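Note that chain A is present in both complexes that follow, paired respectively with chain B and with chain C.
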Partner chain A sequence: MKRSLSLILAAVLITAMLLTLIPGCGPKVEEKVIKIAVVGPMKFIQGEHHWAGAEMAAEKINKAGGVKVGEEFYTIKLVKVDTDEIVDPDGAVSAVEKAITSDKVDFLVGGFRTEAVMAYTKMVAEDYQKIFMICGAATNELLEGRVDKDYDTYKYLFRVTPIKSSDLVTVSVLMTAQVAQTIREQLGIMQPKVAVLSENLQWNRVLVNMAPAIMKDKLKLDYVGTWDVSATATDITPELKAIEKAGAHIIYTIISGPLGITYARQWGELGIPAASVGINVEAQKDGFLEATKGYGAYDYTLNTYAPVKITYMTIPFYNDFVKKVGQTPIYTAGTYEAIYLLREAIERAGSLDTDAIIKEMEKTEKVTATGKFKFTATHDVQWGPGWVTGLGVQWQDGKMVATWPFKWKPDPEKAPTLEITYPGVVPYKLPPRVLEFWKQD
Partner chain B sequence: MLQDIIVIGLINGSVYALLAVGFSLIFGVARIINLAHTAFYMVAAYGIFYFAGTLHFHPILSIIISIILVTGIGIVFYIFFIEPIREHETAVLIVTVAIALILQELMLLQFGGHYRSVPSIIYGSAGLFGILVTKQRLLSLGVILLTLAAVGLLLRKTRLGLAIRAAAQDREVANLMGMNVALIAAITMGVSVALAAIAGAIVAPLYVLEPHVWLSPLVLVLAVVILGGLGSVKGSVIGAMILAFVEVTVVFLMPQGSFLKLPIAMVIMLIILLVRPEGLFGVYFEGER
Partner chain C sequence: MSVLRWLFRYVRNEVLVLPSRVIAVVFCLSLLLLPLFTSNHYHYRIMALAGIFAIFAASWDLLSGFVGQVSFGHALFFGVAAYTASLLNLRLGMTHYLTIPLGAVAAVAVGLIIGIPCLRLKGPYLGLATLAFPIMMIGLIFTFPGFFGGELGISIKTKLAPTRLHDFYVCTLAMFSLGFIMWKITDSKIGIIFHAIREDEIAVRASGINTVKYKLLAFCLSGFFAGIAGAMYAHFQRVATPLSLAVLMSFQAIIWSIFGGIATIYGAIAGVYILFPVMEILRVVMEIRMLLFAAIVLLVLRFMPEGVTKWTRDRLERECPRCKVRNAFSRRECRVCFSPIRRELQKTTP
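Now for the complex of A and B:
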C-alpha cells in the first residue's frame, strides 16, 4: 500500500515537473513588454505597409533580444489599429483613443490622411502625452505651429516619412526642371508649356498656390493653367482635353489618392502629348501599371524607396520588404525606421520615461534606408544633400526605376563640383508619344 | 473648344445615362427608390475583375457570368428584404442603403481596399468629329442607345412589358385582373439590377474600382433622375446629358474651378427644379395629379 502510494506521489511529482517545462504552465514570469500601436487604414495598401514595416522591425529587434532598457530587456508587442481614415477620417480618433485607453499602448507609429492625423495626434499629445511617430502624412502643419509654438504640449510628435509638404514641393520642382531640360535638349523647345493638375485636398493647398509662380519664375516655363479636380472624380477626360488644347508639354501632378490611377490611365489612353511629372502616390505602388492597364508608363513621381543605394541600408531593407510582403515598399513602411529610431532613443535614455526618450530622440543622427536621418527643431525630417532627399521614380519598360537625383547640383554657385547621383539611378526618359508628337509639330 | 465640349459632353452623358436608366426603371414601375443600385454596379464590376483578372476567364464570358450572378443577387435581396416592406417608402430607402453597405463591406473583406482596374472590352482611342476619345467610352454611347431600344421593346412590344406597365399604372387593378404583381415587381427588379450590371461592364473599366466606388455615382444618378423626372427613362437620358454638358463646360471655361463641376451641375439642377418641381419628365407627380 505504502509502495503504491509512493509510486503515485512520484508520478504526480514528475508530471508536475514536466508541466513546468510546457510554455504557459510553469510559474508565471512577468514578461517585459513595450506596446506599440501601428495606426493606419489597415484594409488599404497604406495601412498594410504601415503594419509590414513595423512587423519587420519588431521581429528583428525581438529576435536580437529586444529593447534594452537599463539592465532589462523588453519585447516589442505591436497592436494593429485600423483607423479606416481613408473612408472615415472622423472615426479615426476613437480608434486611436481605444488603443491608448483599452490596449494601453506605450508608443504610436503610423498615420496617413492629414485630416485624420491632425485630429488624433492632437489628442495623443494633448490628452495622453504619448510619443507618436508619423509615418505617412506630409502636411507641414502637423508639426509646424505645434512643436515650435507650443513645445510642452506637442513635443511628443515626430515625423519619419515622408519628407514634409514644402520639401516635397522642392523635390518635385527639381524633377520638373529635369523634365523641362530634357524637353529643351531633345525637342529644342526652349520654354516648354506646363499645366498643373491637382486634387482638391487640404494637404496640397500650399503647393497648388505656389505652383504657378514656381513654374514661371523659378523654372522659366510657360504656365498655361491649373486644373484643380475633385479628389473623388472618376473621370477627368474634359480636364485632360483642356490641357491638351492649351498646348502643354508638361503636366505637373499633385495627386495622392485614386485619382492618380484615373489620371494616368486616361493620360495614356487618350494619348495626351505631355510628359507627366510631380506627385502621384498611386504611381509609387507595384500594381500601378496593371491598374492603369499599362497606360501609366513613363509617369514620373516622387517617392521614398527604390532599389538604389541611397545608403548601405536601402537595398537590404528594400529586398527584405519585397521578400516579406511581395510588394515594393511605399512611404508608410517608414514605420520600420520609426521603431528602430524609437528603440535607439529608449536604449540611450535607459528608461521608458517619455521626456527622457524625447530628449534622446531629438539627438538622433542615424543612417537609415531613406538617407542619413536627424530631426529638425520642429521634429521633422531633415531634408537636403547629405540627409534624406527623397527620390524620383519613373515607370520605364514595365519597371519602376529611380531617375532622380541624377547629376543633381544642389548648389551650383557655392559648390559647383558637388553633383549627386545615387548608385542605381538612371536617366529620365520622355514618353515616346511626346517625342513623336512634338518632333512632328 | 465647342467641338470638344459637344463630343465629351455627349460621351459622358451616355455614361451617366447608362448608370441612371435602371434606377429610373425600377422607380417608374415599382415605386422603389433603390439606393443600392450603384452598389450592384460595383459588385458586377468586382465580378468581372474576379472572373477575368483572377480566374482568367474570357472578358465577355466574365461579363455574362457577372450580369447573371448580380441579377440573381438583386432578385434574392428584393424578395427577402424589399418586397416585405415595399409599401413603406422610408423603410425601403433605409433597407436599400443597408444592402449597399453590406455589399460594400463584403467586397472590402474579399478584395481589400486596393484600387483595381476592370479590363476594357476594347482598348485604344478613336476620333469622333476630330476629337480623340477612348473606344471604351465610345462603346458606352452605343450601349446606351441599344439599352434604351431594348428597354423600349421590352416595355412596349412584349406581354411582360404590358404587365409591367399595367402594374406601374395601377397595382391594385392589375392585381384584380389576375396579374401576379409581386412576381412582376421581382422581374422588374431583376431587369433593373441587370441594367446596373451592364453599366458595371461598360462603365467600370473607365473608373478605378474599390469598394466605395458606388457612392460617387449614386449622387450623380440621383441628380440625373431627379432632374429628368423620377421614373422617366427618357428624362434620365436627357438629365444625364444636361449634367454632363454643364460639367464639361465648367472644366473648359474655368479650369481652376474644375473641382466645382459637380456642385455647379447640381445648382443647374436646382434651378430647373424650381421651374419644374417634378423634373423634366416626372411621372411620379403626374401620376399623383
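Now for the complex of A and C:
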C-alpha cells in the first residue's frame, strides 16, 4: 500500500515537472508586452496591407529585442481588428471598442473609410485616451478642427499615411502641370483643354469647387467643365463622350472608389483622346490593368509607394513587402512606419505614459520609406520638398512606374536651382492614342 | 405590505403560470443585472445598441406587422430623427433632453408627409413607394453637403449618457418602456382596429371606421418610436451619417421582426436581442460572418416560419380548446376552466 502510494506520488510529481516544460503550463513568467491593434477592413486589400505592414514592423522590432522602455524590453503583440468598415462603417466602432475593452490594446494603427475613422477615432480619443495612428484615411477633418481646436481631447490622434487630402490636391495639380507641359512640348498645343471628372462624394468637394480656378489661373489651362458622377456608377459613357466632344486634352480625375475601374476601362475602350491624370485610387493597385482589361494603361495617379529611392529605406521596404505579400504596397501599409514611429517615441519617452509618448511623438523627425517624416501642429504629415511628398505613378508598358516628382522645381523664384527627381523616377508618357489623335488634328 | 402581497400573488398567478412570461421576466431581469456579470464597456455597448434597435424594429412591427402597411423604407424615420437631433444639437446647442423628442416629432411629421400619398397604395406598391423616400433623403444630403455634412455626416456634441454603463441603462429602460407602450397600443381598441385593417380593410370601412385616419395614426406612431430610436442612436454614436438612412438599415428592421415573430412587438425585440449579439459574436469568423448570419436566418425561417418567439411559445404552452386561455405545456387541464387539454386537440387548433 505504502509502495503504491509512493509510486502515485512520484508519477504526479514527474507529470507536474513535465508540464512545466510545456509552454503556458509552467509558472507564469511575466512577459512584457505592448499590444497594438491593427484596425482595418481585413477582407479587402486595404486591410490586408494594414496588417502586412504592421506585421513586418512587429517582426523586425521583436527580432531586434523589442521596444526598450526605460531599462526593460517589451515585445510587440499585434491584434487584428477586422472592422469591415467598407461594408458596415457603424459596426466598425463596435469592433474598435471591443479591441480596447476586451483585448486591452495599448495603441491603435490603421483605419480606412473616412466615415468610420471619424466615428471611432472620436470614441478612442474622447472615451479611452489611446494613441491612434491613422494609416489610410486622407480627409483633413480627421485632424483639422480637432487637434488644433480641442488639443486636450484629440491630441491622441496622428496621421502617418497618406498625406492629407489638401496635400493630395497639391500633388495632383503638380502632376497635371507635368502632363500639360508634355502636351505643350510634344503636341505644340500651348493651352491644353482640361475636363474634371469626379465622384460625387463629400471628401472631394473642396477640390471639385477649387478645380476650375486652379486649372485656369494656376496652370493656365482651358477649363471645359466638371462632370460629377455617382460614386457607384457602372457606366459613364455619356460623361466621357461629352468630355470628348468638349475637346479636352486632359481629364483630371478625382476618384477614390470602384468608379476608378469603370472610368479607366471605358476611357480606354471608347478611345477617348485625352490624357488621364489625378487621383484614381484603384490605379494604385496591382490588379488594375487586369481589372480594366488593359484599357487602364497610361492612367496617371497619385501614390505613396513605388520602387524608387525616396530615401534609403524605400526600396528595401518595397522589396520586403512585395516578397512577403506578393503585391505592391498601397498607402495603408503605412502601419509599418506607424509602428516604428511609435517605438521611437516610446523609447525616447522611456515610459508607456500616453502623455509622455505624445510629447515625444510631436518631436519626431525620422527618415521613413515615404520620405523624411515629421508631424505638423495638427499631428498630420508634413508635406513638401525635403519631407514627405507623395509620388505620381503611371501604368507604362504593363508596369506601374513612378513619374513624379521628375525635375520638379518646388520654388522656381526663390530657389531656381532646386530640382527634385527621386532616383528611379522616369519621364511621363502621353498615351499613344492621344499623341496620334492630336498630331493628326 | 399589502402591495408586496399583491405583487407576490400576481407573480405566482399571472407570471409563473406561463413559461413565455417566465422567459420574458428572466430576460428583463438578466438585462437589468448585466453589470453584475460584466464590466466590459463593449458588452454594454452591444446591449445598448440592441436596445435602440429593438425600439426601431418594434416600431416597424407596429406599422407593418399590425396594420399591414409594409414599409421597406423604415430607416427614413430613423434617419430623419438622427439628423434632426444632430442639427439641433450642433447648430442650436440643444441638449439631448430636447433633441430626442424633437427628432421624434420630425419623424412623425415625415410619417404624415409620406403617409398621405402612400395611403392609396397597397402591398408591393406601398413597399416600393416607402423604399423611395430614404433614398430621396440620401440624395438631399449629398446635394446639400454643406448643411448635412455629406457622407461624413454631422457630429454631435452631447453624448447620450456620461458613461457606457449609463448608456446601457438609458437604452435598456427606454426599450422596456417604449416596447411596453407599443405593446399596450396593439392590445388596445386602436390595436384591434389596426389588426382589422390588416385583415380586411373594406370590412373595417364598411363598419363605419375611418381607416385613413387609423393608417395615418399608424404611420405617425411608428414614426414617433422609430424617431426616438434614431435620435438616441445619433447621440449614442455622436454622429448622424447617411448610413442611418441606408436601405440596409430598413431591411435589418424587417429581418429582426420576421426572425422574432411578426405582429407581436415582443417578437421584434427578441429578434434584435438574439441576432444583434450573434452578429457581434460572429466577428471571430469575419470571413464567413454574413454567410453564417444568412444561414441562421434562413434555417430559422424554414423551421420556425412564424418566428422564434411564436415557435417557442407554441412548444411551451397550449391553448385551452374551451376558453382559449394559454396554459403551460405540462398542465393536463386548463388553469382557468379546468377543461382537459389534450395534445391532439391542440394540434388541430388553427
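FYI, the second predicted complex is superposed on the first by the 418 of 441 C-alpha atoms of A that agree within 3 Å, B and C clash if a C-alpha of one lies under 4 Å from a C-alpha of the other, contacts with A are read in each partner's own complex, and residues count from 1 in each chain.
Heads up, the rule we're going with is that contacts are C-beta pairs under 8 Å (C-beta built on N, C-alpha and C of every residue); 3 or more make two chains touch, one makes a residue touch a chain.
All of these numbers come straight from a predicted model, not from anything done at the bench.
A simple residue count on chain A separates chain B from chain C, and the partner touching more is B. With both structures placed on the common chain, the touch criterion links A:Asn200 to chain B and to chain C. By the document's definition of touching, both partners, chain B and chain C, reach A:Lys43. By the touch criterion defined above, A:Lys77 reaches neither chain B nor chain C. Of the two partner chains, chain C is the only one touched by A:Thr114; chain B is not. Touch criterion met: A:Thr226 reaches chain B, while chain C stays clear of it. By the document's definition of touching, neither partner reaches A:Arg433: not chain B, not chain C. Of the two partner chains, chain C is the only one touched by A:Lys122; chain B is not. Once the two complexes are laid over each other on the shared chain, residue contacts for A:Asp90 go to chain C alone; chain B is not touched.
Once chain A of one complex is fitted onto chain A of the other, the partner contacts of A:Lys245 are limited to chain B, with no touch recorded for chain C. In the superposition on chain A, the residues of chain A contacting both chain B and chain C are 43, 200. Those residues of chain C that touch chain A in the shared complex are 40-42, 45-46, 49, 142, 145, 149-153, 155, 164, 237-239, 241, 243, 279-280, 283, 286-287, 289.
Those residues of chain A lying in contact with chain C across their complex are 42-43, 82, 84, 89-91, 93-95, 97-98, 100-102, 114-115, 118-119, 122-123, 127, 139, 141, 200-203, 205. Those residues of chain A that touch chain B in the shared complex are 41, 43-45, 48, 86-87, 200, 225-235, 237-239, 241-242, 245, 258, 261-262, 265-266, 269-271, 282, 287, 290-293. Partner chain A is touched in their complex by these residues of chain B: 1, 4, 8, 11-12, 15, 108, 112-117, 119-120, 123-125, 131-134, 137, 206-208, 210, 212-213, 216-217, 247-248, 251-252, 255-259, 261-262.
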